[in-house]
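Next, two complexes with subunit A in common: one pairs it with subunit B, the other with subunit C.
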Partner chain A sequence: MGLKVDQLRICYRTLRGDVTAVDDVTFDIADGEIMGLAGESGCGKSTLGNSLIRMDVRMRQLGGRVELDGAELPISDARAMRDYRFKVVSIIPQYAMSALNPTRRVGKMVSELLRSRGFDYKSALPEFERRVKLVGLDADILKRYPIELSGGMKQRVVMIVSTLLNPSLLIADEITSALDVSTQRAVGEMLLEFRDRNFVKTTMVITHDLSILAQVADTILIMYAGKLAEKARTDVVIGSPLHPYTQLLISSLPEVGVRHDEHTLVGIPGRPPPLLNPPSGCRFRDRCPFAFDRCAADPPFVEVQPGHSVACWLHADGVSPAGGAEQC
Partner chain B sequence: MLTLDNVTKVYKTGTFGGESLPAVRGASFEIRPGEVTSLIGESGSGKSTLGKMILRLTPVTSGTISFEGTDVAGLKGKRLREYYRHVQGVFQDPFSSYNPVFRADRVFATIKRSYFPSVSNSEWHGRVEASLESVGLNPVDVLDKFTHQLSGGQLQRILIARALLLEIKILVADEIISMIDASTRVDVLNLLANLKSRGLGVLFITHDLSLGNYISERTIILRRGVVVEMGATQKVFDNPQHDYTKMLLTAVPQLHKKWGAGLAPELEAMGVTSEGEGRPGRYSRSSMHPLAAMHAWKGHRAQVVAAALETAASADRTDTYLRTHEEVPPLVEVEEDHFVVTSAGAE
Partner chain C sequence: MRRYLLRKLLIYILTFFIAATLDWVLPRLVPGNPIQQLLAKIELQPGTYNATYKLYMHSFGFDRPWWDQYLSFWKALFHGNLGISIYDFPKPVTSVIADYVLFTLALLIPAILLAYYAGNKVGAMAARRKSLDNTVLPVGYLLTATAYPWLALLLAFLLAAGGIGHFFPISGGFAYGLLPNWDWAFVWSLMTHWFLPFLTLFLVAFGGWAIGMRNLIIYELESDYTHYLEALGAPSRLVRKYAYRNAMLPQLTGLALQLGVIVGGAIVTEVTFAYPGLGYLIFQAVGNDDYFLLQGIFLFIIVGVLAANFIVDIVYVIVDPRTRVGISGA
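Entry: the complex of A and B
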């Protein structure tokens, strides 16, 4: 049944006011689906991922609903979420690798984690060791210290630990960003392998790197300034994106084979707007080469083809004013 | 021109420096004016060590680095400062290059003090502004800002603008774009590429092959401190000779080509057709019995995963055991301006 997120709004309480980092976000991830979540830094990707599992004290849910496997996920209720975390919903946070305690053996960390969640280390050990081998590591890794492991080894350990109890939803936040290409590939293939083996049901892969998503994701969701910009199957987002932001993101990526002297790529001028008092209308307006008068209003996120949704006035022809208003 | 001749760096490690780690071994290459040379390698391969030796931030253990014919190892005082007037570096983490409470204009003031004490303030301001404009920044946007108010791309450009105030001939850029969003990264890359037209030689250090390919004339592939392949970028990328180069090229994530795509033909021969994505695991099962097709791609996937993991595992070993003190085999020229290390010497 997967994950259903409906009109979710999450803000940070700050002294200067509310920062709405996830603003009216609606999407589904089906069972067995790997959804990529992309956008420039500061667009709200981590906030969205974190809100599904661990709201920090400054975060507030302003509205919306999250459903996992047909039942509501009580994301605002920290106490209730404790029963879900790690077992049902698991996250590999951004910088998880560097957060490993360097002076504690891997085995000790795993046993402490399991025990703190009320699980028995001894009985989980055979499965842990099986998965360690599956990802090409030695079982003696349990006796080693994180400091002795390379980035790729640490990331794989973190990934096995986070999925040991076969969670329904895995959120992987920038897990390949600090890795070399060969280990990036190994970790990317692991995401697919874990999905194929049903170690995880639905996966959300957060990254600013679209070329990784082109490899591992079934669908891609593009966020801009706290809002949804576009969602579609991976080949559609990469091959025929409709939102100007997605188009510009993709055209700014150098691919092997593209050379500066033959084909000069261009970046996206400017920066995403601040989310404390964001500008009205389309938030991409001041960077968008296609902006026109209609863009002074907030574009609705509408399905333009089956499975392909876009929030842009260039692609909202069929939208009745009522349909648009409903979204605001 | 900056030339490295048989440069080796051995770090002393362990409590009393009793162990030694050869981080760079027998590296010989040139950084030529008007060219971008990419130094590509995975983490721990010795890229930064090479950059630091060029910038005299760490001494060479053996071999020579010479700039316009002079060995840079012996430079001191005024002559060293003269060297830095021509050879500058920009590093990975722009934030560590600054004290965060500094305003951006402070980084320019330090240069003025060391190199241009007699230039008047108004003349200096003019030069700073011109330099900022030449890297695509609007001086009023950045000059009175604290560093934390600037984006990664802006900070990197400021550092490049700072280097350009000197009469630099060589710029060492160590992983400078890795902290920046892809949307602004390409503008910094274009900026580096454009420095060529000023006659600058750039050493562009990266672990990202697609970035190296995009801006460089020449490419050096470094593995475990050893140059395994180098030459004209197009030749290295179009006709890779060393297995390690080939592995890097297949592992680099691309937008329009799937990782597993290279292994697909066996499957197609079995009647399994791809759904246009080329990824094993997404095969439609048209002409085969569904179960047979399923097994075929599962087996195939396992193979793909095993291969990826094996290359990663061999990379994991990089820092620990396999680094040896053995003699580095010589590079041989396989075609004009394309060299590869002989035998599987670096394995």
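Entry: the complex of A and C
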């Protein structure tokens, strides 16, 4: 069953107009699959991830549909979504280091959270403690305050808290960005372990760092300026990408395991276009070394091989640009 | 934790030492001489002024070198002796203060505690409800920014305009004709005289706490731990409980910082309403060049504020686990 996202469009209401940060996005994640979602900062990854669990007040769903385990996920209905959160859809936020209430002991906070959602802490405790040990922590961290834990410990605590109720869909947003390389690997191992032990069914790992996806993801979805660029199995995306943007991302990737930040990673000249009134045609056109006349129209996201889709006119044989005859 | 409190205590003792020294120096820098004031009050045989002046200067010790006076000041202080009042000669300063201090405490303690409690509650409610916020915010800012005598006059005027002004006298601690006596007439008189100065102090402090709490809660509701709870579907009851508790901590620090300011406000308010508390007594002491009384009152206030600060420190350690954890060196 898994997750099915169909033509999803999400915008931010701003004073200057609507910023469509997720524009016509369609993809699936199968049960047991870990999908990586990658792209430069600002391309709409977090917006997509957040829309599946909690839209903030400025976000609006402009269109599309989300289905989880065969039933519609009512992402626009904040009230209805509340019941799904934590139990069915959960998130490991980017800010895991500061996600725990500083004035509550970890165990107390979890017990209050569970109780507020109608669960009994006492009966959940043995499993919680088992998982605490599974990620290499001591059970006595439950009696500690967050300031008594190191950054890596807090990260692990948040990871097991978020997955405690065995959600169907887990969204992990930039969870390795603040960590050193060896801790990044350990976090990757944990994501795989969670999947293997069926703590989570489908996982979406959001990152601007392709090297962590090489470790954990089964498939990778590349976004650019709010739109889909390419999706394929991890080995295909890393080994033989088709979209010029993906190719540049991969070629600018330093040796796997070398630490880098957002800016040195993406060594592609230029910047993504603004999402408020974006230019027409392929959004990568300004920066694309292969741009040609057809690129003035919006390239469709088409499956070029089974399981491998790409949105680029170089790989859209037989498809006409929307609203016009094929140019020669 | 004991080490932390001991260190705090040491700081307070040091503060007290410096403040008491200033308290000794400052009145002596003011022009004028208390003995002249005192002698002006009593009828003297003609021609004896100089001899009497010398005698008084000697018996108060004003003819000794300054360091000697300073040392005797501390020596006397340790014996609980703050000297003889000149304003209310020859009563000891301590017993003059004792006559007035209850009025001040009766104003300050309820005003501080009730304003703190109500301000925090209303501020938290304002952070939740936009409609309430539209009232609380401007009214709160107006109240905190208002000068005490101004608000005092305004309240008296409003009550008078409302036709109930005569219930709440604007001067004194109780009606002139009454003798201090625990009967109903006297207690009623005390309460009605107490009401306006209390309300003045209460309202100014209330505005400050309400605004502070509102802003702190809004800040807490934008913090990461709030977003995490919301992402995990926690009901707003739990989210607000956490935000309120965490916002209480800076408010408590604010309380410690504000104590001195509130005491200052009480002094002005007492003078405005001729309310017979320590503030009013300060006014009298200044007018009579009464060094000893002035010193005594300030010492009393200093000790009071420091003690209250120390209490807030202890409460803070109890309510903020982070200080406990930090203190125990974990």
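FYI, the second predicted complex is superposed on the first by the 307 of 328 C-alpha atoms of A that agree within 3 Å, B and C clash if a C-alpha of one lies under 4 Å from a C-alpha of the other, contacts with A are read in each partner's own complex, and residues count from 1 in each chain.
One rule holds for everything that comes next: contacts are C-beta pairs under 8 Å (C-beta built on N, C-alpha and C of every residue); 3 or more make two chains touch, one makes a residue touch a chain.
Note that this is a predicted model, so its numbers are computed, not measured.
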item: Three-chain arrangement built on subunit A, subunit B and subunit C clash or fit; value: fit
item: Touched partner set for A:R104, first subunit B, second subunit C, both or neither; value: second
item: First (subunit B), second (subunit C), both or neither touched by A:I91; value: second
item: In the superposition, subunit B vs subunit C on subunit A residues touched; value: B
item: Contacts of A:A296 with subunit B and subunit C, given as first, second, both or neither; value: neither
item: First, second, both or neither for A:R82, with subunit B first and subunit C second; value: second
item: Spatial angle subunit C-subunit A-subunit B, Cα centroids [nearest 10 degrees]; value: 70
item: Contacts of A:A139 with subunit B and subunit C, given as first, second, both or neither; value: neither
item: First, second, both or neither for A:R117, with subunit B first and subunit C second; value: second
item: First, second, both or neither for A:Q215, with subunit B first and subunit C second; value: first
item: Nearest-approach distance, in Å, of subunit C Cα atoms to those of subunit B in the combined model; value: 7
item: Common ground on subunit A, meaning residues reached by subunit C in one complex and by subunit B in the other; value: 148
item: Touch list for subunit C against partner subunit A, complex; value: 223-225, 227-235, 237-238, 242, 245-246, 249, 320-322, 325-326, 330
item: List of subunit A residues in touch with subunit B within their complex; value: 40-41, 135-137, 148-153, 180-186, 188-190, 192-193, 196, 208-212, 214-215, 234-235, 238-239, 248-250, 252-261, 264-268, 271
item: Subunit C-touching residues of subunit A, taken from the complex the two chains share; value: 53-54, 81-87, 90-91, 93, 95, 98-105, 112-113, 116-117, 145, 147-148, 158, 161-162
item: Residues on subunit B engaged by subunit A in the complex (per definition of touch); value: 42-44, 151, 181-187, 189-190, 193, 207-211, 213-215, 233-234, 237, 247-249, 251-256, 258-259, 276-277, 279, 281, 298, 301, 304-306, 308-313, 315-316, 318-320
